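Letters A, B, C and D mark the chains in the order given here, with residues in each chain numbered from 1 onward.
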């Protein structure tokens, strides 16, 4: 392993560890639930949260380095622990979507509530058109133990504008060009899940014309923003 | 630029930067969403949040100084960054409502939920009569890219008692005599949006007689308060 | 004024100032809304929050000392500021309910939601039977400016087990043997308002038999507790 | 008492005191409500929170040591205070369920809301199948003062997969192999109570096939996890 690759791994370890604070800050996780991973650019590796470790105790050196088949790299820091129980799903996404640099999974309440009904979130808010370009889709029911969760994520999101999928009876997975971008999508999917839920409780949300949705998505992705993450306000 | 104007700009930079903490404190924003601006008194300038910068990193010297047509003042501190993507809307308000000294925009959940249905918030709480003098109105559907958001805000709020407007499918904009006053309105509009929503979930809110609304609004604006912001309890 | 009375005033100033932190901690207030007062034992005086001061800035020496007719004691610390705009209502309670040592007013969301519908909160939770001995009653619609709010509180709570009243279209007022006890009631009334609301959203809460309500209230008030405030768990 | 037993008591005191912070962190308690206890391994003793003490003031040396009949051990640290008013219920559980090492009781809002309607929480989320293996059952209405609460907990949970019971019109009690495990169950029961509630507000949750529930529960309890608490993510 070259010094350059090692430096890149260290950077991603630190970033992925630190980004978990955002899941706590926005109330997307409880106890040890939820997980973030980030691809190490230019390698066949990714970094993911360990299983069953408290959010207070996460740090760069207990993040776990995995190959794209989801195996822990032997002897790497943190390799005495098991990686997140969702590692296989993350690995499947990295193997099958080379453009993806980060994956996030949470059980955030409002997103799960839509997932439990198997109902996509309609695009009725301009910020949702900006960020997701349309509705948030539902993925298939799949349980842990083989590739079926990963496959469900990839089949739903490939070619879709949305970076978020609501896996049936389970919860949201989000992708992004890097881990930070996927975390932003996880934060935003819960926010729109909650807001559209609240709006629907007292009546019918008014739709946004498709042309306006397209225009907002195009502008947000291509025109604005002062940094490469496209994070705007 | 005189020393006095410079001092005034510095004061507004510091105030606008610090006020963003209130948006976080009250849960009105996520990620880098939301923005506050403040007019520099006695000038044709205003100060606004940069685009895509984390709330943790906002400070007086990365706030952005703009002219009333929404252009960044070249060479001023922070001018290497883009201003908030909503700058044109803020600028339109300052050009057309000279009495306004501050503008705030958020995507706070309950206010957006009413905006998504295009439904004004009825005035059924005495604190809402105090603060807004009646219902919170809905503004037209308008998308980013020209003056249509700014025009929608101004046309809705001009001559209206309310300092808040719910822009259709988008979210609340609030105005005030200064940035702090507009922030207070942003906090209060979410609070009343939530409370009236909750009340409506289990039945029909009882209206407040118009005479009582008028009397409360008049008293709150004119009689009470120990400081010029009219902040009461 | 004797040294003993002065010490007692100082104690109540410090307690009332510090108790406001609990309103913030439990999310019962926004901006400068809400207020707590405490009677100075053995005197015709009470201490109350100033009007329009941020919660971050409240301290023992900006609390305001008032006589039982609601007038600020001239020359006392803090007397350069106006007392809470609800001072007249607090004063009315102290004049007419000598057993009351503390009064709290908030606009906490769920309690206000019931107040807006003019609906008492039914006693369907054992903790509510413990604390309030039955339903939380609704008081009359009354607006600020004379004794009508204070009179509405007293007429509703006199002889009632509940230490909380939901003033119509306005919000909760709570009383207690001291300021801390009234704050506890303010915290608990919002908690039961929220929980009963949530329960009602998906069906009909089952009532608790009256005999059990009576038994729980009696036990909680008389049997348990290791300190004079009756604070239990 | 041997030095070994004394060390074990000290450990449990510290753990039980510290775990109360989790109840606050997750918003499961208000004021002094809620309580945690932990069995001292290899003894006929357990440690429980004192009654009516603020969460800010809980510490290892004010936890209270009790025998399995619920009596305070005379002369032990903290024995000048009364134990939690729910001590009899905890003691009953320890006497009758020797496999239980920790008990938690809260009045967390969403769990209480289901308890008030006397309605079990259906198992419609994969994380709920992992953690509870099926629905969360409702226990009988029982009031404080004798063994009826403890008996209701034991009769409902004995032989049940769920470590949580919703006592009718009262609130959740959870058990675990130790205090931390019971706290995790208390956190998770509120999370699923909230999420399933939200999902039900806008339609019908889709059930999870029983075979998938069984498979998820079996895997979570037996296969995964890197530490003895089975805490996963």
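Basically, contacts are C-beta pairs under 8 Å (C-beta built on N, C-alpha and C of every residue); 3 or more make two chains touch, one makes a residue touch a chain.
Note that the coordinates shown come from a computational prediction; the quantities given were computed from them, not determined experimentally.
Chains making contact with chain A as well as with chain C: B, D. Common neighbours of chain A and chain B under the contact rule above are absent. In this assembly, D is the chain whose CA centroid lies farthest from the centroid of chain B. Comparing the residue numbers each copy contributes, chain C and chain D share less than half of them at their mutual interface. The angle needed to superpose chain B on chain D by their Cα atoms is 180 degrees, rounded to the nearest 5. Averaging Cα coordinates per chain places chain B and chain D 45 Å apart. Chain centres here are Cα averages; for chain B and chain C they lie 32 Å apart.
Of all residues in chain C, those that touch two or more other chains are 201. If each chain is drawn as a node and touching chains are joined, the picture is one closed loop, every chain linked to exactly two others. Inter-chain contacts occur between A-B, A-D, B-C, C-D. Here chain A touches chain D in the complex through residues 30-35, 49-53, 81-82, 84-86, 107, 109-110, 112-114, 116-119, 141, 143-145, 168-171, 197, 200-201, going by the rule given at the top. Within the complex formed with chain D, the residues of chain C that make contact are 26, 124-127, 184, 187-188, 191, 194-196, 198-199, 201-206, 208, 212, 215-216, 219, 224-227, 229-233.
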